[in-house]
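What follows is a set of structures to go through.
Both of the next two complexes hold chain A, though its partner changes from chain B to chain C.
Right, the complex of A and B next:
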């Protein structure tokens, strides 16, 4: 098909990179934001703006809250058709209670899983999920969306396409093809070492874009490779769901055998029984970790078969001090507090898996590495964005001569996924601050604003794209930069006005989660303005010279875009 | 016990300096920094060795600050960041890198 290997690699890189690049841009950008998802949550929900707390007392704080929990109406509504007979008013049988926190969370996530009576699938469970203030045990209102961990983070790995888990599959396929794009990119790139530090921004836009594409791809190559790869490892269970499809019966049998081996009951006994003090079990678990030289905080407490004689309590460690995501779970009989089991030492395969998963999910406490991950993610965004620019620059003269629309369409999609995505993000943050707290379904409104803003940005990019078909520059880049800047400023100001947490206060009191989001927004605004002005100057020059030859100041766009991305944390 | 912040700072600084030296060992970048001259073969060798050593020193600093698995990640990410920083400096303010290797009279040819 192609004359040589390099050409076939170039074809693969160009076309798969182009199509999946739009997905990967979203994955990289919201992945970068997800590094600070908990901090964005603080910004979005002012009632959770206090210092991170350790796991609260189970007996006095968590248990009373759990007892009051019932699944939300929306969750119950989803059961329609999955049950023989009517849905119950109240769910009585509790399969599990779980409480989860990290060193960055002021609030604890609490979830209760209820058995669904008369369900067609006997394993059917309906969940109630809340954020809980560990100081008082009060649950936070449910209509509020934790924008960082409930919106940006799932957007990163599922694109919020929940229908048949389509989003997972698209992201997974893109990650797989990204690995191919990295390899083919290295094959195509003849001067990896000779041009390692090269960014010729004074030459043409095409040259500058390609330099920046190569630079950001090569210097962060280990990051790109490991994150695409570990992302796939984390979701291997979704991509190869043998346990719950072809091998369902075997899986069930395995669970029973495992339950017999571990002594952790697989089924309820059917006899009601009260619980002993869970706090004492937690304290014992902590003593056991300490004895192993792994003293640490509790990250996750789970009670299985709540209220039954077979109930057991599992206590897991928060993984703040190492990369590997290792829980060192210890399990107790809930009725007596007697030790049932300690998770055995890990096998080599488990250790590798935990390291790879931990590397990606980053539960560790290391602020510098967190910021370096943001940098890596944004370098990825720059790499993808400059890839689009290069594609367009290389073809637009030719397409203009032939009257083709290809470059125009790709350019408009690039505007949509670069500045359009930023506009959607800013619009959501502004909506979060300006919509009244009391609004029921506030979170739904925020989602609507996000997608609408993105849609409008896309229409704008296409409408203004005529210039590209004449080998010019799409003014939408410049106009959307102004909008991003305006949105970022509005978000910062409205945060100050609606909560009183302006930068002078958050910085002087050292409340970095909120100050950090505000400062990142300000940096984004500054860079967007600089980019917009640079683009405006270039547009003036090009109308003045009225030629279609590339401008001497080429690459400025790529350069300033790089800054735009790099400073957005 | 040295404060991890100091060690990590040291790791970052030595990674930037290391990449700066490795860049200066290349003709095109040497010219960007020092004008129309090329480095002498001896200078190129010295720059390469010094650059590699500085990157190694950066790894040692990282290992001093964290658990080895974490240190390896921090180091790799620092390399990405510092290479970008050197490339950006070469593009905007190449003269700043003069500070890394003061040219002696003999180097120019």
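Right, the complex of A and C next:
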């Protein structure tokens, strides 16, 4: 059905790229923001604006907090239908307690996993997750949303579509199509090196968009391939849950063998027993790392089979200076503090896997690479957005003549996913600063504002899109750019007014997490204003030429563009 | 780039009816090809991952190493078979290869698991 290999790849690139490009735009943009998720958290929750802290004392800070934890209503609600009989009021049996922190975290993440009584799947676990102030042990207010790590970051990989993990599957398929688009894009453009140095900015929107699409696609190709690929590797267990379905029995066999070999109990003993001092075990682990010449902070502490005679404590070194998130695990018997096991050196396969996933998640310290990630992610956004523009520019003359609405719809969706997404983001940040801190469900309100603003931007993009159906330019691009700029400025000003942390203060005291967010917002505002003004000038020129000639300006150009396209292949 | 969806003619009738179009919208051949790439590709990669995982474990590789290695290779394989399905001349062949291959590998993985569980 396709005449040759290149045409099949071109079809794949155009149509899968178009349909899934809207998803990929969201994935790339919020992935870029997630690089600084902890810093955005600081901006959104002023009570967490203090310096990063080391892992706090388990015995005096973490243990009392863990004992009070219970899963949130929403997490329990997701168990509906997975349990025989009613859901319990309180979850009593604790499978695990864990605390994780990195060199960028003032607050420590604590999570408790509970056994679900009468669950259809005996391994069913429900989690409680909190952020905790390590200086006092106080849990951050429950209604407040850590916008960076609890909203933008999950949006990046799950679109917040939790039903049957649908969002993970959509993002996963889009990542696969990203890889396919990169390969098919290279196949389509045989003269890739010549095109790489081609940018005909002054010719037409269509040429400019295509050149920029090729430039950003090629210059960041290794980056884009790596991130789409490693993203799939990170969630491979969700996309291909072989070890938990078809090979479940083999997995069980392995776990029993492993428990025998490592001495770390696979099951609870069923006998309650108190815990010895975990702080002493942590101190011992740190002494052992130091003796190996790799002194470091604790990144992850985990207690398995909490409250049972078989309980054990695992202490992992933070990967601040490594690609792997954590490593060098040392395990102790929780009741006595006796050393059970030191993790052996990583195998080759494990090293590769940790490298691939660790480089994607970047919990290690490297600020320059962190900014390069943002740059790479934004280049991906430019690549996708210019792909949309090229699609529209190439077809809108033809569609206008035939009375088709295709170009108009794609253009309106492009406005929604480019400027509309920015408007939603700005609206959320402004709402975060203007809603009272005492509001019970503040985070829920912020989510509502985000989705509502995005919805309104979409309606606006469609309503104003009539011009595209007449081969013109959608004024929504320009209007939404002004809104983005206004939103970004409002966010910066309201942060200064509600917290007193204005730029003069945050820069002079070197509090970069908040200063960085404010400066990024200002940069966004400046770029948006420049784009809006440029688009306004272009709109004026095109009305001027439309009145002086019988054909709209694009009409004559369109014909010559057709020739250019034909030679382009 | 050529917009094949609107300008490329359906292949001549000689291509085993591959160019048959439904009255409106996407041609059936195209839907079948997309289905083969997405679903057939998934089944094939599932089989590969299950076979590689159980096989590597049987050969003595640690369980989670086998899991990670087969997943890493499986994801790359998905990309390859997806592109191959689009580039292949006949969709029927891709369906047959992907489903039969996936089925055989999944079955082989089940046999390896049974042997290991004893």
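As a convention for this text, the second predicted complex is superposed on the first by the 513 of 569 C-alpha atoms of A that agree within 3 Å, B and C clash if a C-alpha of one lies under 4 Å from a C-alpha of the other, contacts with A are read in each partner's own complex, and residues count from 1 in each chain.
Throughout what follows, a residue touches a chain if its C-beta (ideal position, glycine included) is under 8 Å from a C-beta of that chain, and two chains touch if they have at least 3 such contacts.
Only a predicted model underlies this, so the values are computations on that prediction, with no experimental measurement involved.
Aligning the shared chain A places chain B and chain C next to each other free of steric conflict. Of the two partner chains, chain B is the only one that A:376 touches; chain C does not reach it.
Once the two complexes are overlaid on the shared chain, A:237 sits against chain C while remaining clear of chain B. Rounded to the nearest 10, the angle at the Cα centre of chain A between chain B and chain C in the chain-A superposition is 90°. In the superposition on chain A, contact of A:215 is made with chain B only, not with chain C.
Contacts of A:291 after superposition on the shared chain: neither chain B nor chain C is touched. Shared-chain residue A:51: touches no atom of chain B or chain C. The partner of chain A that touches more of its residues, comparing chain B with chain C, is C.
By the touch criterion stated above, A:14 is placed in contact with chain C alone, chain B being left untouched.
Contacts of A:544 after superposition on the shared chain: neither chain B nor chain C is touched.
Taking the two complexes aligned on chain A, the least Cα distance separating chain B from chain C is 19 Å.
Contact residues of chain A toward chain B in the complex are 194, 196-201, 215-216, 219-220, 222-223, 321-324, 355, 359, 364, 366, 368-369, 372-373, 375-376, 379, 559.
By the touch criterion stated above, chain B contacts chain A in their complex at residues 8, 19, 23, 26, 28-29, 66-67, 69-70, 73-74, 76-81, 83-84, 86-88, 90-91.
The part of chain C that touches chain A in the complex is made up of residues 1-5, 8, 10-11, 15, 18-19, 27, 29-30, 33, 38, 45-46, 49-50, 53-54, 57, 61-72, 74-76, 78-79, 82-83, 86-87, 91, 106, 109-110, 113, 116-117. Listed in rising order, the residues of chain A touching chain C in the complex are 1-3, 5, 7-15, 173, 176, 179-180, 183-184, 188, 229, 232-233, 236-237, 239-240, 242-243, 246-247, 249-251, 253-254, 258, 347, 349-350, 352-353, 356, 394-395, 565, 568-569.
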